[in-house]
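Contents: one structure, followed by commentary.
The chains carry the letters A, B, C and D, assigned in the order they are written, with residues numbered from 1 in each.
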């Protein structure tokens, strides 16, 4: 199989398999959560919790206070670096927007590619820091399972291959493009079965926590 | 036909001066993408080179490659080159026909055994030898016969290099490339539909100068011409980097000459020299004319998802597949969810009230 | 007679897993931030005490029982079933080293309410027979005697008589139609009798009718701490029955953290019905009386003092501003700890930890966090509003040779009460 | 010198970009090239070594090459060579920077080079030519 055929395969059949598994798996997971549900709270509530739920949905993106942030500085800073970098790369790089446009029928303006490139570097460095942290910090090392390292690799590879492809490093462009798309497909397939699913379920988690606390008049 | 005089002498006899020869070598170096500092070495090599015999076989092809070459003919550099090779057989260009032509081919083969160059354009049908024959000889037979004593083979055009248009799905003739058949000869692929003429002559010049084929990439293409992709050498690249794209052939972006990536340009995955050498004596190339690159120097370029689909776009309808995934996921999710609820309801129904006595464990003996 | 078994524990855990739990387990990314919010980790450095790790058996059960892919994983042997010895091993993590303080739930970046799940995993561990002996004993006394500390009604009546003798104040029992039913924690009755006297004086000034119930004076609920809803329900029912019998408008939870959670938030859900009366913490009531101008104070504490927020009041109860409003009535030099309010650090003895003998050592180690908080503050007095916190704080301060008196906020207010005898 | 100018594309580019020293739509290659020429001049002065730059290998946008040439300007030497078609050897406005353009018999450009040298090599008379010239001159004189 030459690179052209392989590129065609990853863009067609490969992407099809990945997208079907991803959508199927994520929907199963979300429905499993929603259908377990939560019993109505019979206590006299201080609020219906909706405002608090929405608040937590957003406010959990930042640490609750300076001391908590200081205690988890590496995770917070590298976590931000990785997530912001990743989101910028995914959603603001011109070729990616092109893909979304072909999928959803609408697109949005891209930002300058060298700027996206900078975010990619930030995300890559952050991921390396997070791996180092995972390997060295007693708590994170203790908690880590093979899945954590697998998911790390699944997140790192698309970024790295995309970065190399853009800069034409190491391998011919089309091979890197193949690697890039394949690694994204690998990640999509892993998504519903691993903690990658947090990208979706965290909103449910935050919502529940916010509502449960809000009913008691607590802001979380 | 046989001529053993060195090239330098031949040129001199034709009144080509020393300066003319140097100029010729300088442009050759440029053509082969060699550094100008190599010119003296080229001059020396060429002076002593002898003109080789060339046999040109055309199989399932459209003559576009020959057209490309002859469009830029004498007395250009290509002309000069072909004056100094011995094109002993080319059934489109030669005056002879029929038996005389075949006789010329056989004579050239016999005289220059193991020294002649074989140039092939067009693909070779394998399904039925009768699909394409010359003088009653099938393409496969003729290729194998001529290739046997060739010094090297140049597969000109994407058809000869990778199967080309005849190989396109569903490939009715079972067309294959030269490299699919000939395994024991040095083969250089000069793909393109058609290839840039100076690339063909550049390869010939390299063979003349150095007596061997140039360095090739993983697809058998000379690196000097196919070492960079169109995208990297494209003058519109700065627009790509700035995220400025044309979205249709008549929008503002198109008028302003912005990047054609969104209009299906395959520049990023196409290796060729169009963006630097350009076409029609360096006048322009497709992107400069406002149309994206089709990727014609890459294998199977016509089957790779449509000329006007942007590269990241999938050739399949992902939205529809995603919908299947969602519907299937919804069904499986609801089923699993109901199973879960049943399981939980059962646990609740069979719940035995936990009393104080239940907090103590049955001591196992 | 049924006995605790792994099967019962697992069955009960299956009941306990709901949508939030599933969402939480789905979302954890093993970032470890929750450890930094848990004083049992920060003071010991033992990664096994990372809050989310305390839930591992329940996480696996959720995955194996309630996810399609987990079922597949289990079927092909990629996921090991929960074992009895594993639950036994987890007992220390779930009971001894978790005070259900909920601080981890505040910092989790994906928004997991970890303490919500600890409360639930305890149900399974208890049913499997892995609850600590101390908590089992406390629960037994609660059910059989009526109080986790074995306090009986006569002891309370004796104290009421003592108050009558020393102050002339009546401590009303079983007064039907009173506005408030006052609950007590036996810890208060035994260790801090000043509390009862203080509310008697304040209510007198406020002109409010209140009563104790001879059938249900105990507010604390060991069932909540050990994690047996069936026992918690039984204990809560006693209060509800008494309150309904006396037709009170409001039941007042005492200066105690988990008692408030038990009757205010869990009670109606345990019993499956709404209450015909309100439930308030004493600080909520006092703040309402203050706002209505029903009691006045005079003089100010001129010593430097700070307030220790009981976890169950701030993070689980929403009683945050009231103690500050009240303190400002009587304190001129009130300073906040570095982390306070919803981010306050636990005293180290909540959630039943104080009842577990094996946890005595680690409980004191956990106090180091509070000690560090206090050291930077240079205060003369530490005020709180939970008898359980108060005992831990007193013990901890003594252990560390820090001479800071700990007082209950209600008593502090009563000390400055303007007493107008015209109310007699 | 007949350089085909494409005013249309040129104008469009100038309209939208003004990034480099040249001002105009570009591949970004012109400015580095000018710096390369500057370095080559320095090198020629300090070591006497010459440099040849092949303009074919550099991607340039329409109009870019024209702007490069007009930036370099024209100096006082202009030589026309007739050998296998015309060649123009022109010293630019910067002494020692030569622009060499080779044409074929149809007047199509075959190659374009910038040489940084005291005198372009192609202008020097080769030894073989000198020998031929000597022989030929002697022959002519003897015939007289």
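Some notes on this structure:
To be clear about the criterion, contacts are C-beta pairs under 8 Å (C-beta built on N, C-alpha and C of every residue); 3 or more make two chains touch, one makes a residue touch a chain.
The structure presented is a predicted model; accordingly, all values stated were derived computationally and were not measured.
With A-B and B-C as the two chain pairs, more C-beta contacts join A-B.
Centrality annotation: A (chain centre taken as mean Cα position, compared with the mean over all protein Cα atoms).
Separating the CA-averaged centres of chain A and chain B is a span of 39 Å. For the pair chain B and chain C, the distance between C-alpha centroids works out to 76 Å. Remark: chain C and chain D have CA centroids separated by 89 Å (rounded to whole angstrom).
Mean C-alpha position of chain A lies 55 Å from that of chain D. Taken residue by residue, chain D touches two or more other chains at no position, since every residue touches fewer. In chain B, the residues touching two or more other chains are 332-333, 336, 340, 344.
Counting partner chains per residue, chain A shows two or more touched chains at residues 25, 28-29, 32, 34-36. Pairwise chain contacts present here: A-B, A-C, B-C, B-D [touch as defined].
Against chain C, the residues of chain B that register as touching in their complex are 332-333, 336, 340, 343-344, 347-348, 350-362.
Chain C contributes residues 1-5, 8, 11-12, 14-15, 17, 65-68, 126-127, 129, 131, 136, 139-140, 143-144, 226, 228-231 to its touches with chain B in the complex. By the touch criterion stated above, chain B contacts chain A in their complex at residues 217-219, 229, 231-232, 240-243, 245, 261-262, 268-269, 271, 295, 298-301, 303-305, 309-316, 318-319, 321-322, 324-326, 328-330, 332-334, 336-338, 340-341, 344.
Of all the residues in chain C, the ones that touch chain A in their complex are 17-24, 26-33, 35-37, 41-42, 45, 47-48, 50, 52-53, 66-69, 105-113, 116, 264-269, 272-275, 278-279, 314-318, 320, 338-339, 342-343.
Those residues of chain A lying in contact with chain C across their complex are 25, 28-29, 32-39, 41-44, 46, 56-57, 60-61, 63-65, 67-68, 71-72, 75-76, 79, 137-145, 148, 192-193, 195, 197-198, 201-202, 204-210, 212-213, 216-220.
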